[in-house]
Amino acid sequence: MPEFYNEHVQNALLLGTARYPSPTILEDAIRSAEVDVITVSLRRESGGSNAGQHFWEMIKRLGVRVLPNTASCYSVKEAVTTAQMAREVFETDWVKLEVIGNPDTLQPDVFGLVEAARILCADGFRVFPYTTEDLVVADRLLQIGCEVLMPWGSPIGSGQGINNEFALRTLRSHFPDVPLVVDAGIGRPSHAAQAMEMGFDAVLLNTAVARAGDPVSMAKAFTEAISAGRSAFLANPIEQNDMAEPSTPVLGKAFLS
Amino acid sequence: MPEFYNEHVQNALLLGTARYPSPTILEDAIRSAEVDVITVSLRRESGGSNAGQHFWEMIKRLGVRVLPNTASCYSVKEAVTTAQMAREVFETDWVKLEVIGNPDTLQPDVFGLVEAARILCADGFRVFPYTTEDLVVADRLLQIGCEVLMPWGSPIGSGQGINNEFALRTLRSHFPDVPLVVDAGIGRPSHAAQAMEMGFDAVLLNTAVARAGDPVSMAKAFTEAISAGRSAFLANPIEQNDMAEPSTPVLGKAFLS
Amino acid sequence: MPEFYNEHVQNALLLGTARYPSPTILEDAIRSAEVDVITVSLRRESGGSNAGQHFWEMIKRLGVRVLPNTASCYSVKEAVTTAQMAREVFETDWVKLEVIGNPDTLQPDVFGLVEAARILCADGFRVFPYTTEDLVVADRLLQIGCEVLMPWGSPIGSGQGINNEFALRTLRSHFPDVPLVVDAGIGRPSHAAQAMEMGFDAVLLNTAVARAGDPVSMAKAFTEAISAGRSAFLANPIEQNDMAEPSTPVLGKAFLS
Amino acid sequence: MPEFYNEHVQNALLLGTARYPSPTILEDAIRSAEVDVITVSLRRESGGSNAGQHFWEMIKRLGVRVLPNTASCYSVKEAVTTAQMAREVFETDWVKLEVIGNPDTLQPDVFGLVEAARILCADGFRVFPYTTEDLVVADRLLQIGCEVLMPWGSPIGSGQGINNEFALRTLRSHFPDVPLVVDAGIGRPSHAAQAMEMGFDAVLLNTAVARAGDPVSMAKAFTEAISAGRSAFLANPIEQNDMAEPSTPVLGKAFLS
Amino acid sequence: MIDLYLNGEAISTDAENLAALLQDCGYEHDRLATALNGIFVHRESRTSARLSPGDRVEVVSPIEGG
Amino acid sequence: MIDLYLNGEAISTDAENLAALLQDCGYEHDRLATALNGIFVHRESRTSARLSPGDRVEVVSPIEGG
Amino acid sequence: MIDLYLNGEAISTDAENLAALLQDCGYEHDRLATALNGIFVHRESRTSARLSPGDRVEVVSPIEGG
Amino acid sequence: MIDLYLNGEAISTDAENLAALLQDCGYEHDRLATALNGIFVHRESRTSARLSPGDRVEVVSPIEGG
């Protein structure tokens, strides 16, 4: 099971909590998939409203760890302030750092990301940067204090899976000891299993569960697939080869013609 | 769970039993992965030998169903005689019908396959034909009495996974009510999950488990991945799309610039 | 340049003649792409009509070779009779033999194909069978007298390109001396170049040119791409590798830090 | 034909000049492929040597345009000084700006790249930045004065082709009016045709030609394939679809059963 | 008069053989091939190919094809 | 009375500091975080965070996120 | 004595039928199936399956398979 | 005599500036560019570029590149 900033996590599926048909379905999904870490966010609260309090109570009831995000932040300042507010509200120094660079792809702005990460690491945060597959950017993030990397698979919510397998494999082999999480773009359990088979430590996803026809069942499916992918990685899978190899032994075959 | 010839099967992973490091590891793999159907074969037995008897006792001990194959048969006659011998020895009329057409790819000879299937169906066998992804061949096999189809993913033992996804999807959509099993070529749990997500009913594999570094762990991983893929298929996965979609709601975001 | 049944062909692009915006555009496409072999067909002619005669005159004017097809034939009998009629009308014993097995995929019925090919080869035809990527079927076709094979890339008119590259590579390596033509499914010049780079001898296509916005220009593009792919195959391309290799020499680089 | 910084270029194949078996073969390749722009570099010259002079004379003899690179530069300072030296020696303000971030992948360091590009654009250079597929980085480069972008296909010299087609398509659609060149990783003419079919304006490559068995023939093949890809892009290719469509008209087919 | 099918359409004809039928029906050029009840009839055999009631005659000529 | 923006809406308030503003506006629970003009204000600093005309105050609380 | 092939090996035997052959050759368990000259012989037909010189007898039992 | 580095090799020279150094070292053509301690020196500035002990001089000329 993955370890982030010296904390052991019980499930390598990190699950987003937005876009579910109802809070009840969200809660059921988290429980039935035995999720340990959920991502959360902040929004404006009006006086007299109890929306935030209710969501907080659900978190407490579930007993899960939270990873607050800085979703929709396009500037370093926004991201940093959001992280600071999240730390106070959610009582954690973990932060999923998003500095978005483009509204169509919702991809990281790697310049802003590195700058914000530097500020937040120096301020005591434990930063989980949502980044691209760029090896050089990854190296910068590690140098300034990040101890986890979360490269995207494909654009957020697109369900395309892993668009650049070669680059993700390269990341994995360059940083064998850094926890790596594929974050964003995962559409189906097979995508998640593939990421884990490549040696990734965890998978973060939201839309693929929340917008499935049956989110509870889909959440469980992802937990299973991620567990399967991890086991397969550790069990040393066979190599691909071009020629067939008989599985049934040929020796001792009866001669019947 | 899949149903073949009116029999319900408890695990959509059908597991081959050859090429394991030891009989003990094979037995552990079957147990820990909760496999319900295993494939088996026949070989020449010498007088005084108890090899076959021992293997049979293991089968009985495990309480699994057996699916005897006609591996390495290149002619209709060989395949038919092998099937008949297997029915007597294994006390089942199920048969995984292989009529091999080429020693390098170990691919089906579809001409021989259809002929042998016709003979065996008429003789009361319940034929599980190992076939290609060819829709027209599939149609013939169904017309002559096969009630299951087992198209290959890629060459036996190659671990390449699904080489022609389009053709397998086409098969699935043309025969929505026929149990379809991807047989051969699966290398990793993500391949198996992918097959199940495409709506296949089961996956048959051997080498990917038997030749893994840790076959017991790998067998369990395949059971999990296949379960995940099936659940995902039933839970109605999201469609892929080209543009990103924010998972965290944008409405209500604080303005912090 | 490819050779079929001892006839040298000047362009490895074999071009279909249907579905063009106009006969003039068809004629321009053939000319500008310097096509040497076109596929043609037969249809019912009414008394008093000159449609067939006009098309024939265009063929004569262009000076191209014709390869009549048996399109839309679903039975052996239909295909054989069509081939016989085509031989008389087009004055050639070449025939693109199609025995279709499914109206959705328009894929070959390999059973009917082999039977019809046997009849036609025995009757003196030079058969160009439209077949699948099935190696065993290919072997049968060769044994009964075909000296060319035309496996599909993907369904006719689908433009998907090569759906099962592994199987086509396998065909190529098993039959190094047989002229092999990828027929059907090609959508773009890069698909055609890829087929030629794999060592195929020619590419047959129709829809990708006829239904392009500018068929004349697209036909020329295919001729170029096919020529490029062939040249590349003969020029021994580099192998893929995982690591980068500097193209500019590192030795002698100035030290400027 | 592409236009870079208001200069029309006669061939969309930009060709590297390193790693050829001999200068003669390089010269033949450039001539026979009718290349208009070649990339060149600088290295230490000893007193009394005429190596640089000879290479320069070859360039003059060929009458080609040169695009000097800053290969192997890992720092902004190195890259800037190299660009300045190149401008003087090659008498051009074009520069292929490489700021390398990793010796294994030879990928761009996007941070150094943007900084160096800013300095060079301000100094009057016409910068051709060798960059990644990152849309946000691309946007920065355009904002600071680059009028061409050269995203990589895959690592230099790897011959893998286009590893992240989605990202390159995204770049193309976001910057419809910016000349885009796929630079690095191209292995075969079909890769280059694919890039052009996606709407890219040019392709820059070196190893795929220089290390081919027959570089002269391979260079011509790339010129053809690139021309084909460009024509296809302009000729409006057909869309892919899942179902087959008969090319030969079904109406009027003889009834022969 | 014989009732038969020419290219799928019911017609009545006085022609006794295939060659005569083609002439009667106004076929002007001979870039044609013929089949009778699904069997190919060579050009030189058309005169000897006698027609019977219910026969299915096909007459085809060149067209574009893929 | 000070005119300022609370979560993007123009309001007038008698409150002189952030803590007072929250109380006046009826915030009942304290699973909240605050920012003043884009700068985070710690819970314990809200009383010392004086308000000025035109200030932009943001008050946020937990919500689902991806 | 009959010379025949048992599982591909040349042997000489006094056995006159398949059942007797199995017994003579020391087959102890009956998780076996038999074929004579490539044709399956049912367990209950082994006694009536007479052996002739040159016969090819196959005796198989369960093994792992894929 | 000044001890400096020319293209990475230690040399001793009487030349007082870059232009003189090039001449002394036998550079015959001028398809060259120069850098002094990592900074580009224009062709026309070579005479005014005075050399000091420990200087790193780079002299480059055209070569093939990718």
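Descriptive notes on the structure:
Which chain is which? They are A, B, C, D, E, F, G and H, in the order written, and residues in each are numbered from 1.
The criterion applied here is as follows: contacts are C-beta pairs under 8 Å (C-beta built on N, C-alpha and C of every residue); 3 or more make two chains touch, one makes a residue touch a chain.
On a predicted model such as this, the values are computed, not experimentally measured, just so you know.
Hopping across touching chains, the smallest step count from chain E to chain F is 3. When you average the Cα atoms of each chain and compare centres, the chain farthest from chain D turns out to be G. When the C-beta contacts at D-E and at D-H are tallied, the pair with the greater total is D-H. Centroid distances built from C-alpha atoms place F farthest away from chain C. Note on chain placement: the centre of chain B and the centre of chain E lie 54 Å apart, centres being C-alpha means. Spacing of chain C relative to chain F, judged by their CA centroids, is 72 angstrom. We define each chain's centre as the mean of its Cα atoms; on that basis chain B and chain D are separated by 47 Å. Chain H has its Cα centroid 65 Å from the Cα centroid of chain F.
Residues of chain B in contact with two or more other chains: 16, 18-19, 41-44, 69, 71, 77-78, 81, 85, 104-105, 107, 156-157, 160, 166, 206-207, 210, 242, 246-249, 252, 254, 256-257. Chain contacts: chain E has residues 7-8, 35, 38, 58, 60, 63-66 touching two or more partner chains. Chain B makes touch with chain A in their complex at residues 16, 18-19, 41-44, 69, 71-73, 75, 77-78, 81-82, 85, 104-107, 155-160, 187-191, 193-194, 197, 206-208, 210-215, 217-218, 220-225, 227-229, 231-232, 234-254, 256-257. Across the complex, chain E is touched by residues 246-249, 252, 254-257 of chain D. The residues of chain A lying in touch with chain D in their complex are 101-102, 104-105, 107-111, 114, 132, 134-137, 139-140, 154, 160, 163-164, 166-167, 170, 174. Residues 7-8, 22, 25-29, 31-35, 38-40, 42-43, 58-66 of chain H are the ones that touch chain D when the two sit in their complex. For chain A in complex with chain F, the touching residues are 16-20, 26, 39-53, 55-56, 59, 68-69, 71, 77-78, 80-81, 84-86, 88-90, 156, 206-207, 210.
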